[in-house]
Amino acid sequence: MSALFFVLTSLPAFAAQTEAPLPETFANHKVVLQISDSDPFKQTLVLNVAGNLQRYYGASDVDIEIVAFGPGVRLMLKGNANSQRMQSMMTAGIRFSACANTLANFAKKLGNTPELVEGVDKVPAGAGRILQLNAAGWQILKP
Amino acid sequence: MSALFFVLTSLPAFAAQTEAPLPETFANHKVVLQISDSDPFKQTLVLNVAGNLQRYYGASDVDIEIVAFGPGVRLMLKGNANSQRMQSMMTAGIRFSACANTLANFAKKLGNTPELVEGVDKVPAGAGRILQLNAAGWQILKP
Amino acid sequence: MSALFFVLTSLPAFAAQTEAPLPETFANHKVVLQISDSDPFKQTLVLNVAGNLQRYYGASDVDIEIVAFGPGVRLMLKGNANSQRMQSMMTAGIRFSACANTLANFAKKLGNTPELVEGVDKVPAGAGRILQLNAAGWQILKP
């Protein structure tokens, strides 16, 4: 599967096929929150902003996806300090996506692919995911 | 007033009523500058960028609102190192908005709500303010 | 030339004339990557993201311009650790732009204008360049 992924990404003509599916959404507000910082405080801040936006718009009126790439992917790793809070945010409808490029880099350094918090999706490229959602009408916010 | 605010934000159906009013604007360029970092250098940088954009477009051709949330709200607190510069930027037409969610958190930690630089507006949610302006055609820039 | 630039930027009515030209582009995806952080890790991350996006979309299907302002301009200075990598990225079609406002500030502090990596363009204002590209349909991403 990951071998297939590398084959596909090295063939530009097939690149579009690696895009993750767009979420179905009926909310008036669609927001993609970016986390690409190593600062643990930023990782908490992005979760706070997601919660605040659900209260601000009402949970049924906003769709939120939190996308991590680069050092921000640490937020998505199993056992991190925020994982329980993330689980309850998922129950409240917030989605989490982690960058497969970054995970492949982590795996090269660590010798094995780190596990993600249960319920986090893998997307082929975190930056690409943010741009994909933005092109589909989602607003980008980087707390 | 702040009790009313918490009542409204806990009732999703009323959330839209807590939105701050949109500024009247006739400029060709509308830019919302975000500050959500704790780094004091970033707080100076966001002011530099606002000044540069006024020179770049001409002050009458650009509307600028600086919105702070999270640790970036420190820029808006009375007595901070940049407050005099902010006053003269307000005279030049630049608006400043501070996140009421963040101020409520500061108040919980400090025991009292910190005062803002004179002329800074309070908005119910800094992130929500940025998204509101963006939806109304303002470009987001986070220096 | 640089004296002329300062004359023009101090005359708001002429500001539009100082805008750098828009690149001709036929790609389906147009992305402006912002670097305005002093953290050297961020400077590497922005280059990684540019490379990942070329692989993700296919190099012929995405146009990328990396715009630096504030402390991010260090990435563009001659002799920096990433300059060879930047040269090969330029060969792959990625453009680099450095903020002339920031360079003028560096010059004031250092006593002379620092040289740029060969092939880096100077733009009158980095923030203005990002907004100009965005207004022309480019998506902004700040890694």
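Read from first to last, the chains carry the letters A, B and C; within each, the first residue is number 1.
Convention: a contact is a pair of C-beta atoms (placed from the backbone, for glycine too) under 8 Å apart; a residue touches a chain by one contact, two chains touch by 3 or more.
Everything numeric in this text was worked out from a predicted model, so none of it was measured.
In the CA-based superposition of chain B onto chain C, the rotation angle is 120 degrees, rounded to steps of 5.
For the touching copies chain A and chain C, the fraction of interface residue numbers used by both falls below half; the interface is of the different-residue type. Each chain gets one centre point, the mean of its Cα atoms, and the points for chain A and chain C are 27 Å apart.
Shared interface positions of chain C, defined as residues touching 2 or more other chains, are 140, 142. Within the complex formed with chain A, the chain B residues making contact are 9-10, 12-13, 15-16, 18, 36, 38, 69-71, 101, 124-125, 127-128, 130-131, 134-135, 140, 142. Across the interface of their complex, chain A is touched by residues 29, 31, 41, 45, 48-49, 52-53, 55-61, 139-143 of chain C.
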